[in-house]
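You will see two complexes here that share chain A, one where it goes with chain B and one where it goes with chain C.
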Partner chain A sequence: MFGEKAYLLIKELDRNRDSLPPYNTELLSEIHNEVKQLVTENQEDANVSEQSRLVENVSYVPTLKIRHAAIKRNIRCILAYHYNRLKCLKTIRWQFGSILPPEVKANLSQAEIDFFSKYSSSLMQYMRGIGDDGGVNLAVNLKPPKSLYIEVRCVVDYGQLELTDGSALLLKKNSRHHLPRTECEELIRQGVLEHVV
Partner chain B sequence: MYVEDLKNEFYEFLTGKRILLLVHYDIDSICALKILQSILKHKEVRYTLCVVRGVEDLKRSHQEHCADVKYFVLINCGGTVNLVDVLEPADDAVFFVIDAHRPTHLDNIFSDGQVRLLWGPNEDAEVPEFQAVYRDDSDDESGGEDEDEENEGEGRAAKKRRLDEEAIMRRRERRLWEQRRFDIIAEYSQYTYYAKASAVAMYKLAWLLNKDDKDLLWLAIVALTEQFLFSKIENTQYVLAAGELQAHTTRLKNRSNDADVATSLKISFEKDLKLVLYRHWCVESSLKYSMFTACKMKLWSHRGSKKLYELLADMGLPVAQSQQSFESMDLQLRKEFHESLEKLSEKYNLEDLIFTSFVLQFGYRNKYCASDIVYAMLAILESSPRDKPEECFNSALDCLSRRHKETLQKAIERAKTITKTLFKTVQAAIDMKQIITAGSFVYYIIQEGSLDWYMLSNQHILLLLAQFILRAYVSMSKNKKAPDLPLIISAPKNLELGTCIVLGIPPLRQLSPKNNLGRAFEEAAENINYDVLSDYFDTSYFEIFTKDRTRFFDALTALFDK
Partner chain C sequence: MDEDTDDILNNIIDDDDDANIQMTPAELIQKMEEIWINEKFAPELLPHEQEIVDLVLSQISAMEDNVETLPSADFKKGFYQLEIDRIRFVVTSYLRHRLEKIETYVLHVLKEDEEREEAYLSEAEQQFALKYKEALEEHFDNATMFYPGLPFEDWKSNFVRPNMNSFVFLKAKSNVEGVVVDRGQGDDNEIVDIKAGSQMLISYKGVSDLIKKGDLRLI
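This part shows the complex of A and B:
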């Protein structure tokens, strides 16, 4: 049946909603071949129809219409596949930053890798431009933070921490502190500090 | 130096600064800390929290942070010790002290701005005059020189004689003044007692700033109830303070919000019973193991337990029901529980069973009275031998926030175990006659090998045990002088170092909780030339080596007999 392989492609994407499966080149080339075949068949039949209009009045218009619908369906599935993969890639950029982990990179096609680097660089250019003094890294908090200062608890023995105003802070295990959000976020991500609600 | 305008000189002063919070390891300071944290959130203050169990911890924490921090806030610690001497801080360091321990050290009161006490002079009783305690030494020398210049005309010998006489007079006067000063200081600091809870003072500050709400009020209530349950303040003081907090409760009641039971937080002022955790336990256990009922009805003896069943029968409570948990009793019996106990209190000698307290209700299932929370926090802070103090501190902070209900439930279970242990210890002590009279005081020693000794080596559980034992002893003893005897109790503290902790509590007849046994301990130690490791802020606790215990007790006996 026409369009079955395209359906398989979409099903594969649906099965892996949050992650990127490897770029399915064979399936895509099969669909590509199917489309090419349909197009050539359509062209022949269209020519025959055109020629026979004057002589025998043979019309293949319904067949042409069916094949055209199949072609359009295949193309639409391919476009949806590519578009959803790119959307996933954009979310990955916002979550992980501009360096791709190697497992993810293995699943991408060359064009997608190019897209990623170009997207990354235009995002960086934008973030550098807003806010004064070097730009704001928007990827840090996807939602606006509620307060300037947060209360944190130290989970491991870290030692001395240098604050932005120069003074030092001794981070012992199980000690509690109340610090500006900007100073703690890096350490919270590393797992040294824990945010206390 | 006293700071009375807390809003400007404390709260506004700390805006934008970097401070160190030194918090003592007890329930009142945890509540005060939570209130202070919630009001400091609105100011850009960077703070670090340190838990302090004694003077050594205080010194250590100060040492670790003094390079970077200039402003220290001490909660329930440091008021009774000479901060400038003990910590040797930098000249521009400032200490804000909010402490319920009294008497405040005189050097802290008369400090010129480095130590700032966050209460008014009316809360410190009988502070001696500045002239009586401090004297400018340079007065003597400059007086001598002036006289030298004035009387140049006189003959040398006559002048010298006169100068000698004056020097002798001055020295004698100096000695008399020092003697008087020693007496004044001794009289000022002989009694240790507690004043208003720090959490209540913090709550008043929050109210001044208009940032108070029911959560903070509940914390203040818990701190006040703790002082009452451990007999740190007198009954009248408790009633007055509870009255003030009740005024706040009525003010914060919000009729429209409270109608929605699922989300509202209700604090009500009710009459409550002096039974430990009775809402979360079964009636029979609660009646049997609570200090008040156990001592009045002598429930450790066989006759006592029969009396207990009589009481239950009189109340109309079937034995089967009384052994189930309180929540699963019949609704009718639960409602009548208070009144039936009240009616029978006279017959069974249980007056004073009722006292007024506060109950917190949130959601459909959660109803806790203030004493429940106090016992739960006590269980967290003092009954885990393996956890480090900071972890217990964090758990206690969690238990107060309503989000961690499981912590609270587990703590209540542990509190039940503690109560049972206390009862069993007292029962064993009375049955085996281990409470010994030494003439003018009574003492009890917990041996090292006994079960649960680690629980009893903590401050507040030991205090509860001491009160229990003293009441039990007085109720069992035929000695007419029993209510006048103070109790000294000793428990092993640190098995590796071989130390034990010694606590003295005043006799039962003395209604006021002012405790002069700390002074007695010091004098006894001086008499036998013993170097005491006294690390606690509350001077009625002492730490001595176990091998020296008998000598120490002998010295105490000699002292009391004098």
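This part shows the complex of A and C:
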């Protein structure tokens, strides 16, 4: 049946709502082949229809219409697949900053990597342009701050951390610290520290 | 708390930031909160308030400088820092909401902005929107142009539009007359007068101009 593979593509995205599965090149190339086949068949039938319409009353128009609808549906599914992957990628950018963790990068196609770098650079340029000096990093303070200091626990061995007031802190695994929120937020997002409620 | 903030803020010289806008710091922060909530609940992109954002940002940096001068053991310093963080959150959240709306409705926003005289996008936002649109176009063209002669799906002509009929809670700041409530089917449109201080739930379409003018605010 036409459009079944496109349906499988969308279903795969639906199963992994928030994370990015690997870019499904095989399924996409199968859909491309199906579309190419439909297009070529359509073109042949369109040519035939022109000539034979004058001679007999053969019209392939309904067949053409069905194939055209199938082609359009396949293209829509392809576009939806790409668009939703981009949405996921944008959320990842806001969470992790502009360096992609390698597990995520392995799942992306080349075009998506290009898009990510373009998006990242235009975002950086926008952020730099807002404030008067150096700009404002919009990726911090994603939730309204409730208290100034938070209790964090170190998940991995990070080493020395330099705070803004000059003092240095040694972050070993499973050590707990009571730190100002602004210092920890970046590290919490990277996964180095863990917020202890 | 607000008096302390005012104390700190009044140590700053902020009289001639912008010739037309003269506000006390407390008023400025209240206005910032108001435009933040308006932007959060409105379904479409509202006109940009770049001057207010700039003023608030300069206030924040002045407050930060002031806080540095306080002795570190003074525990009021913590409160001031928390206040600074919270104001910064309001500004960043406002800008993030706008970016989100620009990204979702990028084609619609760019087209509307061309047709309007007063742009709703600030210049930096315009740059961002154009670059984002180009990146999207390139990505999608890459994805769909795998065979010559495909029917042009023309995703560029079917815009993603914000839903202007979504419902919003609002509060009236002054008396408003003649708001058209569109029932949708047929022509039994009501005309309502809204009294100052009243709160209601209404479809966004009828009140969008009044929100932009400032007579109503969303809650």
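In this section, the second predicted complex is superposed on the first by the 142 of 197 C-alpha atoms of A that agree within 3 Å, B and C clash if a C-alpha of one lies under 4 Å from a C-alpha of the other, contacts with A are read in each partner's own complex, and residues count from 1 in each chain.
FYI, a contact is a pair of C-beta atoms (placed from the backbone, for glycine too) under 8 Å apart; a residue touches a chain by one contact, two chains touch by 3 or more.
Owing to the predicted nature of the structure, the values given are computational and were not obtained by experimental measurement.
Of the two partner chains, chain C is the only one that A:181 touches; chain B does not reach it.
Of the two partner chains, chain C is the only one touched by A:79; chain B is not. Counted by residues of chain A touched, the larger count belongs to C, out of chain B and chain C.
In the superposed pair of complexes, A:68 makes contact with chain C only, with no contact to chain B. After overlaying the two complexes on the shared chain, residue contacts for A:106 are found with neither chain B nor chain C. In the superposition on chain A, no contact is made by A:124 with either chain B or chain C. In the superposition on the C-alpha atoms of chain A, the part of chain A touched by chain B in one complex and by chain C in the other spans residues 147-149, 180.
Considering their complex, residues 18, 37, 40-41, 44-50, 64-65, 67-68, 388, 390-391, 394, 403 of chain B touch chain A. By the touch criterion stated above, chain A contacts chain B in their complex at residues 147-149, 151, 153, 163, 167-170, 173-180, 197.
Chain A meets chain C in the complex at residues 32, 35-36, 39, 43, 68, 71-72, 75-76, 78-79, 82-83, 86, 90, 111-112, 114-115, 118-119, 122-123, 125-126, 129-133, 136, 138, 140-141, 144-145, 147-149, 165, 180-182. Taken together, the chain C residues at the contact with chain A in this complex read 53-54, 57-58, 61, 72, 78, 81-82, 85-86, 88-89, 91-93, 95-96, 99, 103, 124-125, 127-128, 131-132, 134-136, 138-140, 142-144, 146-147, 149-151, 153, 155.
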